[in-house]
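Presented sequentially are two complexes of chain A, the first with chain B as partner and the second with chain C.
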Partner chain A sequence: MEWAVEANNLTKLFGDIRALDGMSFKVEEGEIFGLIGPNGAGKTTALRIVSALILPTSGSVVIFGRDVVREASEIRKLISYLPEEAGAYKNLSGFEYLQFMGRFSSENKEDLNEKVADAVEISGLGDRLKDKVKTYSKGMKRRLLVARALMTKPKLCVLDEPTSGLDVLHSYHVRNIIKEYVQKHDVTVLLSSHNMLEVEYLCERVALINRGKIVAEGSPTELKTKYKATNLEEVFAEVAGLA
Partner chain B sequence: MMGTIITLTVKNLKTIMRDKVYLFFLLAMPIFMMILVGLAFRGGTTTYSVGYVNYDGGQLSVFFIDALENSSGLAMVPYNNTDSLKEAFRQGNIKGGLIIEAGYNPAKANETVTLFVDETDFSASLTIQSTVKAISQAFAGETSKEYWKSLAEPISVEFNMMNFMVVGTLSYAVSIILFSTAGWIAKERDKGTFSRLRTTPMSPTDFLAGGLLSGLIVSLIQAVSVFAVSYAVGFRPVGATDMDKFVNMLSAFFVAMLLAVASVGMGLIVAAFAKNEDHAVGISWFVIIPMMFLGGTWYEVQDPAMSQVSWAFPTTYCNKAIRAILVRGAPLASVSNYLAGLAAYAAILFMIGVLIFRKKTT
Partner chain C sequence: MLKGLGNVVVKEVKELVRDPKILIGMIIIPLLLFPLMGLAVRISTESAVESAKKISVGVMNQDVRGNFSLDLIDFLRMSSITVVNIETTNETEAVKLVQESNMTAFIIIPADFSYNITNDLGAKLKVYVVFRGTGFAESAGSTTITTLVDAFGKIIALEKVGQNPNMLNPISLLQQSIVKGRVVAVTPSVLFGLVMSQYIGMPIGIMMLTVFAMQIAATSVASEKEEKTLETLLTMPTSRFNILVGKLAGSVIVAAVGALAYVIGFNYYMGSFTAAFPTQAGVDLATLGLAPTMLSFIVLGASLFVTLVSALALAIVISSFAEDVRSAQTTVGYLYFLLFIPMFFTMYSDIGSLPMSLRIILLAIPYTHPMLAARAAFTEDYTTAVFGIAYVSIFTVVVLYIAAKIFTTEKILTMKLRLRRRRPKREE
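Let's turn to the complex of A and B:
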């Protein structure tokens, strides 16, 4: 079986700070895999390495058989990345923004129109897409950005805290978008979150990260059974030695 | 690749043109400055105020003052007495003073006429002294000896303060693309939009080429706007025919676009080192201001050492080339030395900007 993502002994140093410390994990094709942990655990660093934005200090990541360091330009054709701090161009309308981003992965005008139409449907923003992004609420911006991430039908979608800062309704909408889209288009999703309830709802398997290392890995049900916990927060507290 | 560059260019232009703050600095401010320059300097040839006290009051002395008043370059201002004349000079209200004593005699003017000038203003002192001397000689019936002959075909030069300032305002308008380049790149980085772009098939070269192209387009719009306003307030480029003037304008635009490339390059360098958008904007002005003050934008640098230092700034080459073209009617080929310097600057700065940017973003 070809793994969608194979991270092997990843280490990343920022000066003296060891953000990742020998992290290894594998993501199956078509699954939603979560990296969960507290702030500063190394989730974003791991996702940025997978997205070919930064280089690992040591170790390797292979995405659908391609190395992220040696074949970065090929990787970029396969993936879509949504950073936690993502913004959109405030003076463009939502529609203009989707058209702009869609052009990078479209072969022709018809292809672009199809992608944008998908994004319009995914976002659920309707006529508000004609308005400038600066008039959007935080939740609306996030829905726009998630739509942009998914509209290109990437083989791997990397989402860093997809519902960060969103209220209940927008979080609910975004989670449903992700789940439905994956099922419909067989996209592999690698996401990070520190919201354990969200992770339990979305992810088929998770890896718990603490201080740059993976401290536990498995499906939410397996982990809760193994550690005799009622939710993933308790699992994390147990494996991180906080219990 | 070209499609990606055009996509990025269009996006950059939309975001710049819809941002009121950038629009103000890029377009409104240079246009406003040009209007002020035109209003302040549209009198044409510079006129220097010379105060006078005529204790003689006779017909000859009055004719003498009239002749000075009618000469180009002097505006005669009467005062009641020597004390008030000297006080006006000390306050800087006049550039020179003339005292005509009772018993004025053109043949013995050096015994009855006192002249003093502001030696700190080289141009004023030269103009006043040479004009008073010429008219005094004429009144005394002396013919001055010529020590040179004129060109058979005079070279037309339209040098006055407004023409000088128009060129400076143009180069200022174009060079502030440095601040918008640094600002929007830093903003892309701050807002996470650059990270998004980096995970697409777009390359850093595409990104920078899109930035350069949009910067050039904005600079062209600035140059056209500033020229249009300068024309409205009375500036006219030198040229024997309308076609010559048009060609000179196009040549000046070309030089301005070279400065724009250099400015975009500097903007890339600033953006690479700036921590955020505010930081980028602050550093940009720190770079622009020395270029303006030492690059011959508002005045010629007088200090010999600093005039050598001024060659370190691309604005110096741009100002000298455009002044030669628009004010002295020099063809583009004859300013090739300035063009070569500016082109070299543009290429080097842009390449350094690209290298540093790529290093910091890879």
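Let's turn to the complex of A and C:
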């Protein structure tokens, strides 16, 4: 079976700091897989390696049979990455931003128009897309960025804290966008979050990370049953030795 | 459809031009500032010329019975000078009186003035010019008085020597200049003044253009970091080199527009001087072979281009370390001394006449070379200019290589430099 993502024994050192310490996980094609853990656990570092932004100190990541280090330019054609603290160009309009980002992966004008039309629908921002990004609220900006990440129908969508810093309403909207889009277009999603409720709602399978290592893996139901917990927060407290 | 490089260039230009700081600071201000400065020069020189016509001079005539003193006063009056008779005989009191009035100057005609002239003993005039620190008008007033007294002196001399001006000027100079092997009937000082007035702007222009471009390139990279857009951009399916070159090209285009605005404004400013002081008109640099030729334009263009690319690449390398725009611009600002030093040396001296050690230091600075290339139009020293292009090209390749290395590795995301003022800790 070909895995969408296959991370083997990943290690990443930043000077003396060991951000990842032998992390391994596998993501099936078409599923939403969540990396959960507290701040500083190594989620963002893992996602940056998967997205070919930074190199692992040791270990490997293979995405749809391609190695992220050796075939980085091919990987960029397969994935779409949404960083946790992403921004958009403030002096462009939302529409111009979508066009600019869409052009990189579009074959022709029709293809681009189709992608942008999809993004317009996903974002739900309507006429506000004509306004400059600097006039957007945080929630609007995040919706624009999620739409940008999904519009290319990537084989793998990497979302780092997709609802980071959003209020309840915007979080709800963004979560629904992701869920509906994945079901409709058969996209594989690898996301990170420290919001356990969000992960339970979105993900088919999750990996719990602590100090750069995976401490538990499985579907939210399996994990809750295994650790006799009512939610993933309790599971995490149990496996991280905090309970 | 624009993809990859073209897409990045278009986006860069849009983003930069729409940034109010860049639009106002680098395009609108030079367009307005220089014409306004020119207008100020024009208005003040015109008013100086006007006020020179209305010069008022106090005269204390102690030579009341002498003819020459009365002739001098008449001569001044005929030359549109308002002559005010100073009644007092006390010099200190008279000085105070002139200072408090609006008179430009105060002349004391001594009692022996006419006697000394008549007997060829050499007469003396005492002239006090009031210094009020008001600019051109004052100096124009003082010059007018000197010129008129000189002219009056000549009239007397001519009367004495029998109307033959050659007696006064037994030798006169016919100064000519040799320009590129050709003799032209223009004095070297006029020629020098003309060349300087038209070309002093060149090193300043080159320096300004490079500073613009470096600021823009630094802003372009640092704002991607500050606005958190770089990470996303680097995951796009295009080569990192395309992103780097796109940023360079975008910065060059915007800097060129800024430079054009600067040149238009500066031209107007220089034009204000030539309009105010038209003494050097009538000499055409092109006919003297001193105007830039096509070859000199090509050499200057090539030199400027490689220097700009190297400056931009250097700004990108440096701003890659910065986390925000302010830190990037401050850090890039440290390089400006490398532009100011060659600018002053090329403006005020000939590099060839400097001590060897200083010459080596100046030639090692890449930004000296376009300024030397700008001089090639006059010096015809194309060898130095071409050597400069080759040297700067090598420097550019090295810096571009470093920039590309930074862009193609994770260093672009992980390198950090933040300049922050230390704030005193708040007391709990």
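One rule holds in what follows: the second predicted complex is superposed on the first by the 243 of 243 C-alpha atoms of A that agree within 3 Å, B and C clash if a C-alpha of one lies under 4 Å from a C-alpha of the other, contacts with A are read in each partner's own complex, and residues count from 1 in each chain.
In this text, a contact is a pair of C-beta atoms (placed from the backbone, for glycine too) under 8 Å apart; a residue touches a chain by one contact, two chains touch by 3 or more.
This structure is a prediction, so every number in the text was calculated from the model and none was measured.
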Quiz item: After the chain A overlay, clash or fit between chain B and chain C?
Solution: clash
Exercise. With the two complexes superposed on chain A, say which partner A:120 touches: chain B (first), chain C (second), both, or neither.
Key: neither
Quiz prompt | Per-residue touch tally on chain A - higher for chain B or for chain C | solution = C
Practice problem: Tell me which partner A:52 touches in the superposition: chain B (first), chain C (second), both or neither. | Solution: both
Self-check item: Touching partner for A:109 - first (chain B), second (chain C), both, neither
Solution: second
Practice problem: Determine, under the contact definition given at the top, whether A:13 touches first (chain B), second (chain C), both, or neither. | Solution: neither
Quiz item: Which of the two partners, first being chain B and second being chain C, lies in contact with A:69: first, second, both, or neither?
Solution: neither
Quiz item: What is the contact status of A:100 with respect to chain B (first) and chain C (second): first, second, both, or neither?
Solution: both
Quiz prompt | First (chain B), second (chain C), both or neither touched by A:89 | solution = both
Quiz item: Should A:215 be classified as contacting the first partner (chain B), the second (chain C), both, or neither?
Solution: neither
Self-check item: Footprint overlap on chain A, where chain B in one structure and chain C in the other make contact
Solution: 48, 51-53, 73, 76-77, 79-83, 85-89, 91-92, 96, 100-101, 103-105, 132, 148
Quiz item: Across the complex, what residues on chain A touch chain C?
Solution: 14, 48, 51-55, 73, 76-77, 79-83, 85-92, 96, 100-101, 103-106, 108-109, 112, 132, 145, 148
Practice problem: Spell out the part of chain A that touches chain B in their complex, as residue ranges. | Solution: 48, 51-53, 73, 76-77, 79-83, 85-89, 91-92, 96, 100-101, 103-105, 132, 148, 158
Exercise. Quick one: which bits of chain B touch chain A in the complex? Just the residue numbers, please.
Key: 3-4, 7, 10-11, 14-15, 18-19, 191-193, 195-203
Exercise. Give every residue of chain C touching chain A within the complex, in rising order.
Key: 1-4, 7, 10-11, 14-15, 18-19, 227-229, 231-232, 234-239, 409-410, 413-414
